[in-house]
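Here is the structure we will look at, set down as structure tokens.
Going in written order, the chains are labelled A, B and C, and every chain counts its residues from 1.
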Amino acid sequence: MKIEAFTKTYGDRRVLDFPGMELERGKIYGIIGANGSGKSTFARVLAGVLPADRPGRKLEPGLTVGYMPQKNYAFRMRVRSNILLGGHDTARAEKLMETMQIAHLAGKRADRLSGGETARMALARLMMGRFDLVLLDEPTAAMDMETSALAEGLIMDYCRETGCALVLVTHSLQQARRVADEALFFHAGLLLEQGAKEKLLYVPERAETRRFLEFYT
Amino acid sequence: MKKTLAFLLALAMVLGLCTCGASGAPAATQAPAAAEAPAPVETETPAEESAAVDTKILYEADDSMLNTYTLIAVNPEAPFTDADGKAVADVAVNTAGADALIHWMLSQTALDMAANFGMEDYGEHLFYVKDGAPVYEGEIAAATEETKTIRLSTTTSVKDSGLLDYLLPAFQSEYGYVVEVQSAGTGKAIAAAQYGNADLILVHSKSQEVSFVEAGFARVVEGFETERVSFIYNYFVLCGPSADPAGAAACASVKDAFAAIAGGKFVFVSRGDGSGTHTKELSLWPEDLGITAEAESFAAYTDWYTSANAGMGACLVMAEQMGGYILTDKATFLTFAANNGQIA
Amino acid sequence: MHSAVEKAIQLILSADAELCDILSVTARMSLASSLIALLIGVPLGIWLGSCRFRGRGLLLVLNRTLMGLPPVVCGLLFYMLFSGVGPFRQYKLLFTVKIMVLAQVVLITPIVIGNMESYVSGLAPAVRETAKGLGLGHFRTLLLLTNECVYQIFSAYLLAFARSIAEVGAVSMVGGAIAWKTNVMTTAIMQYTNRGNFSLGIALGLILLAVSLLVNGVISLLQRRLSR
């Protein structure tokens, strides 16, 4: 599927200048970059919650988009009800709750959960649906190591099963290395480099990318 | 949590049982006021056992203090105008109801009742029947579905005297009408009729009544000769502190008493609201003082002339507090004194 | 003050018929006007708080201005419209409880709208993003948003009720404070005060506060119940 080029400007500050690209189904695209590099803006414009400078869909019409915002919102109802907002399949809901280890919280009021529990619930909630394109904005930011691992497994299984194109914005290079098939590096609002994981995440071409990776080694 | 719930339920039950278990005594709130403990006021006792107010009647029954009450039926063909001044036609006025009420008020029964009003509670007449009041002896129409509701606009003094609460229930139960009484200051009471919101008025300010008639808002009720039907009267009384520093009680006429008060600059509480009482008071001051309803006219006298712009009862309370003089109608004063400085 | 409390208790215990009528009229009027204001104001407030559209800012300014409408001015307007010479005189609504409710609805609804709007505008972006991300439609999102506001809706109701039961400027003008018909607690208090019977006025005021306390208590309990 094709993503059109777009830009996003606030006042006289251009925060994102995206040149457009093609996504393949069944592939996980990892987006890395420093804070303020425009990764979240990219996800939000694609998700349709933030209008680009020239408003309008950036995707082909008829494609469904799933999106998990960076700040997870728990609706004022039980955890199970929250998850069922994403889809009606109760069996699937139970399974997802188990996978994310929140089954014991199913009857609890969702607005009383901790940050990590909310994040797990939000991911499970999104995974209830089927979409052509799924955008996850730092889904494991609030999770601990163990839960992050579970989440990553879930995400990879989901992408394989549903055959969607999955865009994962992450601030963890390790996570990108574990999960992504292809990677995109954003720097100061520009898509500086993109390519297969083996290349970009280990032996990048651009100097800026190399400098970014250095923080992790 | 449970405790608050229980407390609130108990409170609800208590209030619910008490307020809605109305064992319908149709007495107005005269009952609780009479049952109260006497308020601590200066004890200058006229002739009663309990502690009373200091203010007493110093001058009464002077012909220039006559206060005549008049009924006027509203004319449906009057030149009503709306807020912009444009003429308005087909204004709804319940002429049949107004007629019935006026007929009844001028019947011997009602006139006798009015004359008796106050005897039981105070041993005094609060109202007198006017000599030559046209007594009505004809038929009084019973209420129909359309004419049932009668809108009577009157002054606060009349309402507060309790006369209507005393008279109207008899009329309503016998003829099936419901009388809705609106009370306001004289000016507003008359204005209500001019806005088409009343079927008849009961006021006591001759000059304003005459203007009302001359403007075409009144009509002659069948069985009477004029639009203005004056039927009862009473007196204003000049009240003041029992010590009476101005010597008002000893004056030859009430106008002399007013002159004495002005001369000595003794505190005087004025209604200041364009009511009948206020109008009468203005007419009693010496002319060279130039006191009128306009605020500038008494700006020079504010050290003693207190323009309260309040109801009769509130003004009496003020006069009591300040030890001042005040012109009031006798009915309100008696109620005030009997209730130790408060109006029931 | 002491005598006022005694008076208040005496009044209640004596089950004075006129007091019962006044309480009944007050209850009918304030419950009706606060509920209607709620029914109109909550959806409008939620809509105004969540949907971005041209002219939203203008509507907000308008609503805030209406929030500051003096009750006596509102009463005067209705009086002139429904007066015997007014353009709506054929409805014969002057001096009825219905018009008192109407005038109060005009006064209270903007307050409810403002209250809900400010709450929802803080909440709406997160809710909309999440709902959109899950692929939920516009209508479903609004329902979800309303569910998020349930607690606040109760608070808005308590605000509406408090305003309606304490209001005197409009109801005295359009209702006329007619005994046994349109006399409510506040107008009765005004009448007694004008007559100089201050302690009876305070006694009635205490009863008014007690009723208010009761209603607040019950609604707050409900609020907590339903937010569990």
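We take it that a contact is a pair of C-beta atoms (placed from the backbone, for glycine too) under 8 Å apart; a residue touches a chain by one contact, two chains touch by 3 or more.
What you see is a predicted model; the values in this text were computed from it and never measured.
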### Query
Central chain, going by Cα centroids?
C
### Query
Where is the C-beta contact count highest, in terms of which two chains?
B-C
### Query
Based on the averaged CA atom positions, which chain is farthest from chain B?
A
### Task
With chain centres taken as the means of their Cα atoms, state the distance from chain B to chain C in Å.
33
### Chain centre separation (chain A, chain B; CA means) in Å
79
### Task
List the centre-to-centre spacing of chain A and chain C in whole Å, with centres computed as mean CA coordinates.
47
### Message
Give the residues of chain B touching no fewer than two other chains, as numbers and ranges.
### Response
none
#### Entry: chain A partner contacts - residues on chain C that touch it in the complex
126-136, 144, 147-148, 150-151, 227-228
### Query
How about chain B: which of its residues touch chain C in the complex?
4-5, 8, 11-12, 15, 18-29, 31-33, 35-37, 39, 80-83, 88, 91-93, 151, 156, 160, 180-182, 195-198, 310-317, 336, 339, 341-344
### Query
Which bits of chain A are touching chain C when the two form their complex?
47-49, 64-69, 71-73, 75-77, 85-86, 109, 122, 125-126, 129, 131, 135
#### Entry: Residue numbers on chain C that touch chain B, as the complex places them
3, 6-7, 10-20, 23, 80, 83-87, 89, 92, 94-95, 176-179, 181, 192-200, 210-211, 213-214, 217-218, 221
